[in-house]
């Protein structure tokens, strides 16, 4: 009993493949970022990629709070916006003094701006977690956003402050006028920030953040002050949010008070949560999806925000782990090789679910366009909002889809249980 | 030699209700000290006072001679005291391995470091692995703590408590709710892991108490009515009258 | 000046009472269920729009009764089919559910009633000046609003003191852990409390709609102020919510009535200094910063007295 | 349906890549189509689509069809830039926008930078309603043309009218606390001081924008000040609620406004019964007496269900056509050159011109008041079914609206 055998020491060693896998993933990401604009070379896709890249950094920075440390913030845009403002001011100063500072350094300035604000207010804000933190973050958010309209000399009122990214000294012959150069600048920072934020989760601080999230009380009894942990996490989140803000400033060459507002704070919460806060890559998926929806949905429907709300509610109620949570649920099944037994039931369930979703869409669009008289074009079929046939179709799809979907999802659950049992037997599930 | 724990004339009230009255307790270094008493006597409150979870209304608490009353729990922990909880209190979403590792980090001097890769700290790794071995949870290292069985969670609780290498260990009913066999295993574990350290334990199971403790203090209505070796306590008429007579046959 | 003070006090108390109609429900819901309901102001908005629609169909007085009931029903449905299912995922998930709901309700309302203010008028019976003070008219409808708020306030007090549910609610306010001991009725009590809280918000909407503006952004405008009120007063404290409501109502109204700025007190800054944050702060009037005062208060209170004015617990 | 197809094709082209040959002239309409400003943005969109149809019915511009591409900016400058970029990526060379000076400033900056970085792919920004004076002064751009009179010009015209009204003795200024409101108050103080030094400014209020739900405290202050006239740039709900509170408190003053005619405004005036006490300054009035304009108004109302709120948009589109024909090209660079200094007969009659120095359009400006319409034959148009309508009180000729500019135009 006294001398335990040593197999656990062997188990404590790093799995040999993991380091390779680790670098491999980032290498692949780097290659993808380089190649992406060569495949989708139109100006439109380039614009989208830039926005998505910034959104990824922003959402990941938010997840340092929500996912890693368990802090629900309703004012994360404050750091993002202040980072953007600082970046713009520094860019203007650099340009007017002809300082030898190239543009790619500027996001770092944004990061410092975001971090500086976090440093200033963070100690008081992070005294408490939970609802109190959420409320303070909301209050600080509103306070800063409103104050920005009063402090015109710094924030430039509603029009904001403009800058010219090409007025800084060129680097390697790049002036950063063309969007493609900005894209590579953003891509570089996305990669660096993502690696840095991932690395942060693998540090002692990162691990203790998780502990604070799970059980702040117990953390106090293993030597840590949860307040300090939250404060540090808040500063790091502020830093990376500031980088995102700085990149936005470079991309749009403007910073205005809308950067700081509740809409931005809400969007980043949506992104992180829809993507899934429990996994590092969750917010990345969320940022891509939300930005894409934001760009795409707005040209298709005027009530795009309602779809956001509905998707968000759906995720909260039925998949609180977000997209990443859904995906990762399947990992043990894949490893155990039992995923195949679930897929047929998925396919069966997909049909009524899709019908249900289409019914919801049709209902929403019918109401939205009832007075306008626009025709709804759903899967190429035109529906007239004022026609009873449309209402009937919507009702049939919603009610029928719901009833059938309920049955089919029960079958999915059964199939899932069988597959999970097998997976458990094979040792892939706890 | 200074005592490991010294509690001098501590009082604690919640509103108008006084829970702890004139509490005096001395635990010598290296001693295994059990606190017993009927339900509601204030045993957990005493633990909470000593570990800094709550602050005394008046009086003074010393750890290894240094005044600790008024300090925050993490400050007391850093001075060498670690405690467990009666209700399992682990990091539910983190794996067993991570639970123990988190408890090792401060003591190994890594603190709030954000420039070190936690997987590349050999000392932390070895110590964590050693503790997992000690608490027989090596085979469960990658399981989230929330999914462990009850007995396993109790063992993990002890593992987290001792992981930091504190010189004073306080265990709050470590065997509560365990089967007989599990209890035996846990007692052996505690005995081995607290070798050379000071142990303060609250326990209801008298066989555990009398088998493990060097000294015993009896707490009744927030006041220690007797303190001594197991034999002394057995023979103490006050204890018999107040408590033992009903509880231990 | 005297006229300004009287009018502002009346307006401030009125706004404060409206805030209390909303914050009382929010406080009770939070105390019992641990959920900070982000959609509470949305129920207020629903009340205003239901009131508007029903007034057009069946007249103001039936709408005054019916619309809050409808809103209460919506609230109960939200509790039964939404929150109850989300409970197992924790309070953050519940909070986020109401957050998403607030978002969706705003969109649905603007989809149905449009984004411009709707023409929700004061009923003709009450459309006259109640009294004239120093040649300024005070509308009768505002007096009516004040009366309704006070009546509801008293009814609420009586309900809390005299009825069984009231006693349960009171117990829950002081000892949140007690709620767990309600037994098998807990679900029904929650649903009821949520329904009543929503209905109160709805009632506030019905009576405030004609006087203030009935528009799809009214929830978003009021929502954050509500949180300020209940956090400021102390989470879980009804008297605290009452005092905070009145205080914030009065502060908001009086800040508008005051003209002071640092420049008016200490004289203008030397113009040679040029624009800087200092000149911005120097020249801003109290009226201009009126809308941010509540948030300033919130932040200060949370720093110096995290439990709020009369609160007993921190979160 | 049209809108949907247009939107869908816009979305497709954004994803699909460069636009095809310039068969149609696409005009990117960047204004709020969702969120708080949507009702205003939808009105503008209807106007431009109507005008595009009108042009297309007459053979388009130099044979090219005109197409309006609606782009939703949610009144957010940053989102506007995304949409502008999207439009440019889809091959749009003309963008038009009006709501929000902050958006306008951002777009002006955007076109300037874009055009200097992408020679040969120039984009012109036609501004139909953003009235911040700085856009044609210190921030002016060669690629920006403004058809609306900026707020200083309007104030110049308004004070030129007010100086002839001896009954005005005490003026109260109340404005929304943002750049437009601030330029209104600054200009009002300055110009009133110069033209009528005897007028006392008894109050100068800035209130939070679109956040006040009850204006009665402000009304109490106005009342206490003893003002006989209120000058306000308020619009939307901030105007309607202001009037509502004034009527509740029994405040009897004259109102000089910029945007009383905006959505909800006429209803509010009618409700409060302030007949002929609310004045508006604008570059056009439905009951202008100009036959062509009134025929247009009639047809426009029949087809869109709204009144012509943007005569300047009519000027913009028609002048665009004239400039393209003058240049005999739809190349933005050539159109811009043709527009500079161009004279044009405006919608309600009279001559206006696009000043070369700052690309600000100057035109006759009208002061009108809102009240019941005595002669339905001469003044057939009411507003928002109130039975009341605007009638002209005074016409300020183009030369009475001229203000110097500080613009230092950088020409390519």
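Should a chain be cited, it is by its letter among A, B, C and D, assigned in written order, with residues numbered from 1 in that chain.
Assume a residue touches a chain if its C-beta (ideal position, glycine included) is under 8 Å from a C-beta of that chain, and two chains touch if they have at least 3 such contacts.
Everything numeric in this text was worked out from a predicted model, so none of it was measured.
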Centre-most chain, if every chain is reduced to its averaged C-alpha atoms: A
Centroid-based (C-alpha) most distant chain relative to subunit D: B
Whole-Å gap between the CA centroids of subunit B and subunit C: 48
Length of the line joining the C-alpha centres of subunit A and subunit B, rounded to whole Å: 42
Distance between chain centroids, defined by C-alpha means - subunit B, subunit D (Å): 75
Where subunit A and subunit C are represented by their mean Cα positions, the distance between them in whole Å: 32
Residue numbers of subunit B (touch at least two other chains): none
Per-residue overlap in subunit A, given as positions that touch at least 2 other chains: 303, 305
Multi-partner residues of subunit D (at least 2 other chains): 35, 38, 177
Chains grouped in pairs wherever the two touch, ordered by label: A-B, A-C, A-D, C-D
Complex interface listing, subunit D residues touching subunit C: 35-39, 177, 205-208, 210-214, 216-221, 223-224, 237, 240-241, 248-250, 263-264, 267, 271
Parts of subunit C lying in touch with subunit A, wherever the complex brings them together: 36, 82, 85-86, 89, 91-93, 95-97, 99-101, 103-104, 106-108, 111-112, 224, 227-228, 231, 235, 275-277, 279-281, 284, 288-289, 291-292, 295-296, 298-299, 302-303, 306, 314-315
Subunit A to subunit B touching residues, read off their complex: 1-2, 4-9, 11-14, 199-200, 202-208, 210-211, 213-215, 217-225, 228-229, 232, 236, 278, 430
Interface residues, subunit D side, partner subunit A - complex: 1, 3-5, 7-8, 10-11, 13-18, 33-35, 38, 71-72, 76-78, 81-82, 85-86, 88-90, 100-102, 105-106, 109-110, 113, 117, 132, 177-179
Parts of subunit C lying in touch with subunit D, wherever the complex brings them together: 1, 3-4, 7-8, 11, 15, 110, 114-117, 119, 121, 129, 132, 135-139, 211-213, 215, 217-218, 221, 253, 256-257, 259, 285, 287-288, 290-291
